[in-house]
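I've put the structures underneath this note.
Okay, so chain A shows up in both of these, paired with chain B first and chain C after.
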Partner chain A sequence: MQTRRIRWHIAVFLAPAVLVYTAVMIFPLFNTLRLALFTEVDQTRVYVGLQNFRTLFFDPIWSEQFWNALGNNFWFFLIHMLVQNPIGVALAALLSHPRLRFAALYRSAIFIPTILSFVIVGFAWKLILSPLWGIAPSMLDAIGLKSLFAPWLGKEEYALTTLALVSVWQFVGIPMMLIYAALLSIPEEILEAGEIDGITGASAFWKIKLPLILPSIGIISILTFVGNFNAFDLIYVSQGALAGPDFSTDILGTFMYRTFFGFQLQLGDPHMGSAIAGAMFAIILVGVCIYLFGIQTRMRRYQL
Partner chain B sequence: MNKARQNPLNTAAMHGALILYTLIALFPVFVIIINSFKTRRSIFREPLALPDAESFSLIGYQTVMKQGDFFLYFQNSLIVTVVSLAFVLLFGAMAAFALSEYKFKGNTLMGLYLALGIMIPIRIGTVAILEMMVATGLVNTLWALILVYTAQGLPLAVFILSEFMRQVSDDLKNAGRVDGLSEYTIFFRLVLPLVRPAMATVAVFNMIPIWNDLWFPLILAPAEETKTLTLGSQVFIGQFVTDWNAVLSALSMAILPVLVLYVIFSRQLIRGITSGAVK
Partner chain C sequence: MKRNVLSLALMSTALIASGAYAQDATLTIESWRNDDLALWQEKIIPAFEAANPGIKVVFSPSAPAEYNAVLNSKLEAGSAGDLITCRPFDASLALYEAGHLTDLSDLEAMSNFSDVAKSAWQTDDASVSFCVPMASVIHGFIYNKDAFNELGIEVPTTEAEFFAALDMIKEDGTYIPMAMGTNDQWEAATMGYNNIGPNYWKGEEGRLALINGEQKLTDPQWVAPYATLAKWAGYLGDGYEAQTYPDSQNLFTLGRAAVYPAGSWEISGFNTQADFEMGAFKPPVQNAGDTCYISDHTDIGIGMNAASENQEAARTFLAWVASPEFAGIFGNALPGFFPLSSTPVELDDPLAKEIVGWREECESTIRSTYQILSRGTPNLENETWGASVAAIKGAEAPEALGQKLQDGLASWYAPHQ
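Now for the complex of A and B:
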């Protein structure tokens, strides 16, 4: 038909998106990976190969910070997987119950924290948990648990877990919505067939619905993984770029920010920052590949 | 419906659990807003009480109005969000149309290339983005943010919109071609109006992350005249940490526009998520 003519309109349609995307996303991504192979000596850029990565992984000062941030990041992710996603699934299971009244109201209300910015969420919880203001201790007092109160954000052993739970509070709406959508798409006939076989209530959830929503749980897991491994805002807002107390809440995002942008007395080093970005890229890539090739392809999808 | 699903005790328990979680979700927002209208003394003495005639005070809001340039921040956020969204929708729809409508060499490859960005966060490339913005003189301009958010939003937009455009009937487009319409007219006049619901979904998905982002404003546009509302309130609160009235008022003022947007768009958002557009 038109094979001999160059179809310019295709190029015109593609050009703006491809240009912006390539120039502002793909090119900087690879340029950052390239910058990780350089260092600055006397204000000139010198190629040093993998030296920056060697420093990052093995130099005592750097590696201690790096492994600390990485370990904290995994803990941050683990809490999301163990708390956020089960709560999200449970809420979705309740909401999807047929003939539940006010379901839309609950759904909209529970989603509100997700639309708030980290600045609001971080400061709001900082104020509420503050021993100065006393909302958290007096509420614990009301249910007779005052002895449990501690200035959680100020204690090394609790701060990271507390922030992870704040983040869970904020984002629980996302798994809830996606699972809710998945549950709604299960045809009524399947559930009725189960009922005829005597599977109702909770066992219908475990034996019929859960296996059917596993693919959605997989998607939520990978979204959580990617989101957590480039998280930054919440920690920065509530604990500052030094991720205190004593770096106990430092994750890869704050570590990279401090390194490449500089903070207080520390001078910015774009090349070490790029090396950290390279490490984050590798981690996210590994996670995405495990999901795409290890989980998604093996997951049994049921024809509904 | 059989009886097993409508046990009244069960229903009560379900409502109990949902009400409990709704309270957990809303409590911090509620506490911040009510206390922003109180005097400093009553903020501390009775943090959970509603403001009454005696404890009511707007002192925090007065400080915020005097000290912070919140209207400028709000305007910056609005410009950045609206312009980025417009670019994401226009460029994304054009690319999606090219990918879904025409058969050409490298179509699949181009689709995969554009989809890469769905999973890889743009923040990884921040060092080089900053360097590029410094080199082109775009640092501390709203354009730096607009470009970054456009690039960030495009992959998912192209993906969702091309799924929808595949469903637009070929007969319609071919009828247009027979009538002598150009490919551009077919796109703008015939296809775009038909995928409007999908465009709304894409817009709502992109709106919240752009409006709430702190990372890029902090790095690319921290100057006073280009601060977004998110960065502006972060800096303001950082400076006024000890002035509880001002902090609570600034937080409430940051919550308000998002809540208003949510009330307007929540149907669209929830329908977008639950329609399975992101699968």
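Now for the complex of A and C:
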């Protein structure tokens, strides 16, 4: 009779990762979702079901802030998709050009902002754009375009777009690197075969390279989506928790922070805060699912 | 050697941990006044430690904007210091009700304070005091005396004179008339609305009437300050929309701006930064001879973490904070934070002396939004920030702003429904 040995080593090897991941990711996530179902009445925690979500979506005071933050978040994401990713692809295409000189230098220079902390980026840009001490007004002045300068971060209509572009500046290196790697992995033979068929230059990019890097672009889009809907740091560093002027830069992250931890005389409300965090989680989950099941499975892949 | 250092470090942590039993107790103070770190370390703490051997004090501040959030999280997690610097009113009241602050009503030295001074750190029925009042701050305007002399401007006392003075500075063009920005929002409300406002709503009279529901935020005395703020925009520097609080401080101390809408807490910072003579004037009144009202806002108290392991030592420290000795050291070490102790304190700093002198001439009040009115959602204080900024930028009419604030308040506050 042969008993199957329990393979302990599997459990032992899995344990550290599973335990750490559960403790710092899975447990907090579910605990936050649980917290969203309670509220506090006279210092005691009471179960209220979905009441917090009802308040968040239908109470005029809360829903106005929520939809404003969500709308701003979509705008923030849109700017990234329209500016960051095309520029990233274009830079990667230029960098992978075989006759480009100093490619390594450009690559590092463009990638470096990505490794900087949000605090540094936010603060540096705040200074650059400052109407008082910034170099932006004097640089525009030097080329005679001073009239184009506005205190962008202080104007409702520009502030969010400005911050989105600062964020693009910081992170454009990531799509560039991923696409660059994808471009390098395209075998020479395919390009040569195309050349023989008369496809060269720009049309080689559009007809051969682009279809081959589409899966990478898809991954970048979903990373951008998740990153943007979790964004908080840059706005908080440069505009504070009230995400001024007049909440024009308020995104879900800052709205959640303000609600959860409180601000100035506003006391923190962990339960409503968790409800917002829950809504953020749901939005990101839905977005990722749409991508995974709606787009990625239909994407054509080519065997290289 | 390295091992010795390590074991020493371990021993000292062990000592701190068992502080309740050992003679040496280390008290940690949580505070948002990171600007005052040096003063605490060099003046206040040594004075206390000299008088109370065996108790060590560590001042551990965090950034003002994050203090409430950081403190709440630390208290929840049980990692907060022994002594808690108390924000006035609801933030601290909530901490007391949640059991984080100890009842200090039985502290003998509490009798050194007037009821008004204690009011910011009491339960609504005034039966329990949970923080020892430390200081108040007074609002007004600090000005560059050299600039005023150079341009031959008299210190304004009425609103008409105030705007005439600003017009003269603007016309001359050497100085930015007034250093304030709207980027951080709170200055517009704190140094703007609540600075000039008490003259309109007659200080305590209006503030209490608002709390009772006898006056509304749509009444003229509450709307008019917004109309006045709207006139400020023309006198603030270029791009004031993106000008931050530190920007404004620097503009003024570098001598580029003539007037600074201030809170007295700026004094010590300005004294070290500015190399010109400064003066101060109170918020201008409508007509010469009107009673003046100033915002003399109870701003800082200090209480004890209920979970502290050094209760006895903490009480000793609080009793010392309530003593006239502390008031003397504190008032002079931090000119601009005026002690609330009933025993008058002689201040050395000329600017601080000038400002605290207004207490004799004017009626004192506190900021209108702080007591009770900012308990609900939407939060009246935060709304007032936004409204004051909108008023300055001219984004909305003063009446519309008043209406919006009133609607928000009425949505949760029974006396206004």
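Keep this in mind: the second predicted complex is superposed on the first by the 300 of 304 C-alpha atoms of A that agree within 3 Å, B and C clash if a C-alpha of one lies under 4 Å from a C-alpha of the other, contacts with A are read in each partner's own complex, and residues count from 1 in each chain.
Here is the rule we use: a residue touches a chain if its C-beta (ideal position, glycine included) is under 8 Å from a C-beta of that chain, and two chains touch if they have at least 3 such contacts.
Because the structure is predicted, anything quoted here is derived from the model rather than measured.
Q: Could you look at A:Val18 and tell me whether it touches chain B, chain C, both or neither (first, second, both, neither)?
A: So A:Val18 only meets chain B here.
Q: Comparing chain C with chain B, which touches more residues belonging to chain A?
A: B
Q: Quick check on the superposed pair: does A:Phe38 touch chain B, chain C, both, or neither? Answer first, second, both or neither.
A: A:Phe38 sits against neither chain B nor chain C.
Q: Using the superposition on chain A described above, determine whether A:Pro131 touches chain B (first), chain C (second), both, or neither.
A: second
Q: Just checking: does A:Ile61 make contact with chain B only, chain C only, both, or neither of them? Give me first, second, both or neither.
A: Second partner only, chain C.
Q: For A:Phe261, is the partner it touches chain B (first), chain C (second), both, or none of the two (neither)?
A: The answer is both, since A:Phe261 touches chain B and chain C.
Q: Taking the superposition as given, does A:Phe76 touch the first partner, chain B, the second, chain C, both, or neither?
A: neither
Q: So in the superposed three-chain picture, is A:Leu242 touching just chain B, just chain C, both, or none of them (first/second/both/neither)?
A: So A:Leu242 only meets chain C here.
Q: Name the residues of chain A shared by its contacts with chain B and its contacts with chain C.
A: Touching chain B in the first complex and chain C in the second, residues 133, 257, 261 of chain A appear in both lists.
Q: Spell out the part of chain C that touches chain A in their complex, as residue ranges.
A: It comes out as residues 65, 68-69, 72-73, 89-91, 94, 97-98, 181-186, 237-244, 247, 251, 369-370, 374, 377-382, 385-386, 389-390, 393, 395, 408, 411.
Q: Where on chain A does chain B make contact in their complex?
A: Its residues touching chain B are 7, 9-10, 12-14, 16-18, 20-21, 23-29, 31-32, 35, 87, 90-91, 94-95, 97-102, 106-121, 123-125, 127-128, 133-135, 138, 169, 172, 177-178, 180-181, 184-185, 195, 200-201, 219, 222, 226, 230, 232-233, 236-237, 253, 256-257, 260-261, 270, 273-274, 277, 280-281, 284-285, 288.
Q: Touching residues of chain A toward chain C in the complex: what are they?
A: That would be residues 43, 61-62, 126, 129-133, 137, 150-156, 239-242, 244-247, 257, 261-268 of chain A.
Q: Spell out the part of chain B that touches chain A in their complex, as residue ranges.
A: 1-2, 4-6, 10-11, 14-15, 17-19, 21-22, 24-26, 28-29, 31-32, 43-44, 47-48, 87, 90-92, 94-95, 97-99, 102, 104, 110, 113-114, 116-117, 119-132, 147-148, 150-152, 154-155, 158, 182-184, 187, 208, 211-215, 218-219, 230, 233-234, 237, 244, 247-248, 251, 254-255, 258-259, 261-262, 266, 269-270, 273-276, 278-279
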